[in-house]
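In what follows, structures are represented as structure tokens.
After this come two complexes, each holding chain A, first together with chain B and then together with chain C.
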Partner chain A sequence: MEIIHLQYPAKQTLTQRAHIGVAGSGDLELLIEPSTDNQAYIQISTSANGFEDIWRAVFDRFFKIYSYAVKIEINDFGATPGVVNLRLTQAMEVLRDGQ
Partner chain B sequence: MDNNTQPLNIATESFIELSGRERAQAVLDAGSFRELIGPFDRMTSPHLPLQGIVAQSDDGVIVGRGTIDGEPAVAIALEGAFQGGGIGEVCGAKISGALEQVLRDHEKGIKTRPVLLLETGGVRLQEGNYGLLAIAEIGAAIMALRPYTPVVSVISGMIGCYGGMSICAAGLSSHLIMTRQGRLQLNGSEVIEQEAGIQEMDASDRSRIWSMVGGEQRVAAGFADTLVNDDIHEINEAIHDVFRQGIREVTRTAQVDRYLALLAAVDANTLIVPSSIRESWKSGIVDQENLQSQLGAQQAQANDSVVEAPITRGRTWFEALSGQSASAQQGIASVLCADTELENQQVRYISVVPNPNARFVRARQGEIGLEEGWNIARSIREAIEADKDGEKRAIVAIVDVPSQAYGYREEVLGIHLSCGSAVDAYASARLAGHPVIALIVGNAISGAFLAHGMQANRLLALDDEKVTVQVMSKQSAARITRRSIEQLNEAATKVPGAAYDIRSFAKLGALDQLIEGIEADQPQDKDIERIQQYLIAAIAETRQGPRDLSVRLTSATAATGRASSIKVRQLLAEQWD
Partner chain C sequence: MGLSIAPHDLLQLNSRWREVEADHDLPEWVLRSLEHTPWVVVRRAPALEGQIAVGVRGKERHLRQALTIPDHLVVQQVTPEQLLQSSLSPDHRSIAKERWHTMPALQVLEQLAVSWKSYDLHWGPAGSTGFELATGMPTLTMTSDLDIVLRCTSFLAPVLAEQLLEQTLDLPVRVDVQIETPYGAVALSEWARPATDQVLMRTLQGPLLVTDPWNPRLV
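Up next is the complex of A and B:
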């Protein structure tokens, strides 16, 4: 298991929080909630070691599109980048529906 | 229901495809779901990350408050995708703690309806004894609740319900609803293959496994009550029906005579075709011709080839404490039972010992098999009945059990229910006011310990290196969790619940006494006297104390040893109303 921390500057604020997915085989669980400053904080606990570069690439891209000040916590059981993107998109949809 | 005659229903909505959280929502009235200890409470397993395993924010159990048919309810769902729905400390405490809250509601006159959505492989092996303790507490809570309300379980699949949860959750529930996809089985097929060999069970033979333990067979043979299609509406209709009908007088695990008679008529030497038992096991009508021929064959075998039983600690301590010879006992040779006076009060000692001549070959080395569970239940129920209007005698379980029996016949004939009947009987005795004490003198493993010992008011153990408490042999645990024996040993140094030795178990706070300096294999008079003094003290305390298992969580050791179990209960109490 490996724990990865990432951080991005952010402009927009959120008021909602969302919970998506299950830390099951090939999948992940994602918790997203507002952060208190103009930063986005990401913590990833993953069962697959050695993929920090890929996680960074996924979130670099995500925060080019969304600039939300959020705390994201991920419990990953070997999700592929495609599944990670899918779960992130789902989480944003839940947040948008709730806003 | 016959699929061919069923009208085509395009409104069918799959229950199996739902996540645990969606299942809890689906069985509660629309819009009434409110989650307790949800993901953002971050009540995660403290034990998994220590073993390099990613935790989940709800630890795999969703507790939803809401209403069912307009009445207050709680739906407890297991998330099978996380760790196979395995029961660890936190998620186990969410289940038992929620059921304990339901009990408090009923004691106050609030008729909260409990529904369990079971999807579990049994104890989460990485958390071992934390899970075992939690499952015993789940069983205790269901037993305490049943006089107040039906406790409904649903096994929808695809994982099914296994291990200790087949005994204490599915087995003890007052009503069990299954789909064809659901499975109800004590020992997983891989474990049976590991323990008994591929001739006994081929874990890759899926169709055979479903024909043994799938929902259709389980309902047809009377091990479950209602067969439903994988449809949310049908499942809800079945749940509503149970609550409309109210409490059942007779539960499955209390029907000792019925199941012992059915077992007696079985030919234990043949490969039993599951479908062949359906009619008689569902109706409870024993085929007299089969029974007579079986009894005759058993008599002939008994006269013919008698292998002498080995001397084990279970037998040694039974004879030492009861003052009676094991060979003079009535009934089956593997369940010893005798009454003796201890300081002017009656004590019934029960011990399970190897019977090399047992009918079921997989239960010849002291395991709790089909006959053992039901016979323990019979011995206890006899005492409850006899003491109904008088002084409740103490019941002492002498624990030296290597495991439950792993075998094909065992699963077909419902070993989970046999173990469940013993759990039911011990819990019933405790709730009726009998002091129930478990004295662990040897192995206390898995379903066997759940059935024989874990429902006791007090747990006493000898401080001895051959005294062990765990959920599975190391070989099987390694296979199932895909780790090496070395990795398991390493994990046990960090997580006391994953260790096998009694001193690690003592750190969890459930043990009342860890008794040092006893000659465990050949007890001398002074050893026996010391144990008797411990028993007298435990019996006296129990007569004054609570009838539930709460002492296991109020001990000073439990405050640190099972901090998460206590914390979960506090949170549930805060968030309940």
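Up next is the complex of A and C:
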């Protein structure tokens, strides 16, 4: 079990909360809520140790494009890269709709 | 052999399973595990004609090994539905009574069988519960989730999905239900309460986002 914290400066505020994905093996869930201080906070709890660099690369790229002030809590139950990718695609869709 | 094999089925292997050593570079625990309990679980992954994609369970949760085996190694196939049937009649139970009294996942399985009885469903246990029921080997722990496979050949109305989901909540262990459609699997919890207009479906070719798991637009 590993917990990873990431933080990014952010501008765009959101109003809604969202729950994406499933807390089940091979999957992950994302809990998204607005952040109030122009920062984005990501917390990843993962059952697969040793992937901090990959998670960081994923969110570095994400927040280079998007600037949402959000708190994202991720509970990862050993999701494959393909599943992670699709869950983030869904998150992006929810964030875009929630602007 | 012409078996009709689906993900989550459990397969008992004959003594020639050691053949797989020749094609795979296997960790020591896999051989020990098969030596002890020569059973594997069918994975959702493509395999060539005459081959089956399977997984081997290790003692610890993180120990899982993917393999491809030739189908002539299979001596017995057990489906989740068969495991449910045999576990519902106490005379046919393969594991000790004491396990039924002490393991929360088994008690929740019994409870769910009662609450889902009035629906016309095809389902059964998978994961560690299925493995223990099929092999008789103590696999469950006090905190094991209950994994369920629910086979739906035709569209499951979200309203019905919500009813079924509600009966899996607030039980002593977490219940993880996968709906199997002819194209792949989606989580019951996601189909009942989708966050977006698409849900994640696991297919032989990998995960996809689809609007209708019974009518996916495959690329």
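Criterion: the second predicted complex is superposed on the first by the 94 of 99 C-alpha atoms of A that agree within 3 Å, B and C clash if a C-alpha of one lies under 4 Å from a C-alpha of the other, contacts with A are read in each partner's own complex, and residues count from 1 in each chain.
Keep in mind that, in the parts below, a residue touches a chain if its C-beta (ideal position, glycine included) is under 8 Å from a C-beta of that chain, and two chains touch if they have at least 3 such contacts.
Keep in mind that this is a model prediction, so the values were computed, not measured.
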{"item": "Room on chain A for both chain B and chain C (clash or fit)", "value": "clash"}
{"item": "Contacts of A:27 with chain B and chain C, given as first, second, both or neither", "value": "both"}
{"item": "Which of chain B and chain C A:93 touches, first, second, both or neither", "value": "second"}
{"item": "Which of chain B and chain C A:14 touches, first, second, both or neither", "value": "neither"}
{"item": "First, second, both or neither for A:47, with chain B first and chain C second", "value": "both"}
{"item": "First, second, both or neither for A:1, with chain B first and chain C second", "value": "first"}
{"item": "Contacts of A:83 with chain B and chain C, given as first, second, both or neither", "value": "second"}
{"item": "Touching both chain B and chain C, residues of chain A", "value": "19, 22-25, 27, 47"}
{"item": "List of chain B residues in touch with chain A within their complex", "value": "19-20, 38-40, 49, 52-57, 79, 81-82"}
{"item": "Residues of chain C defined as touching chain A within the complex", "value": "62, 127, 145, 147, 174, 176, 187, 189-190, 195-196, 198, 200, 202, 206-209"}
{"item": "Interfacial residue positions of chain A with respect to chain B in the complex", "value": "1, 17, 19, 22-25, 27, 29, 31, 33, 45-47, 73, 75-77"}
{"item": "Partner chain C, residues of chain A touching it in the complex", "value": "18-27, 47, 80, 82-83, 86-87, 89-90, 93-94"}
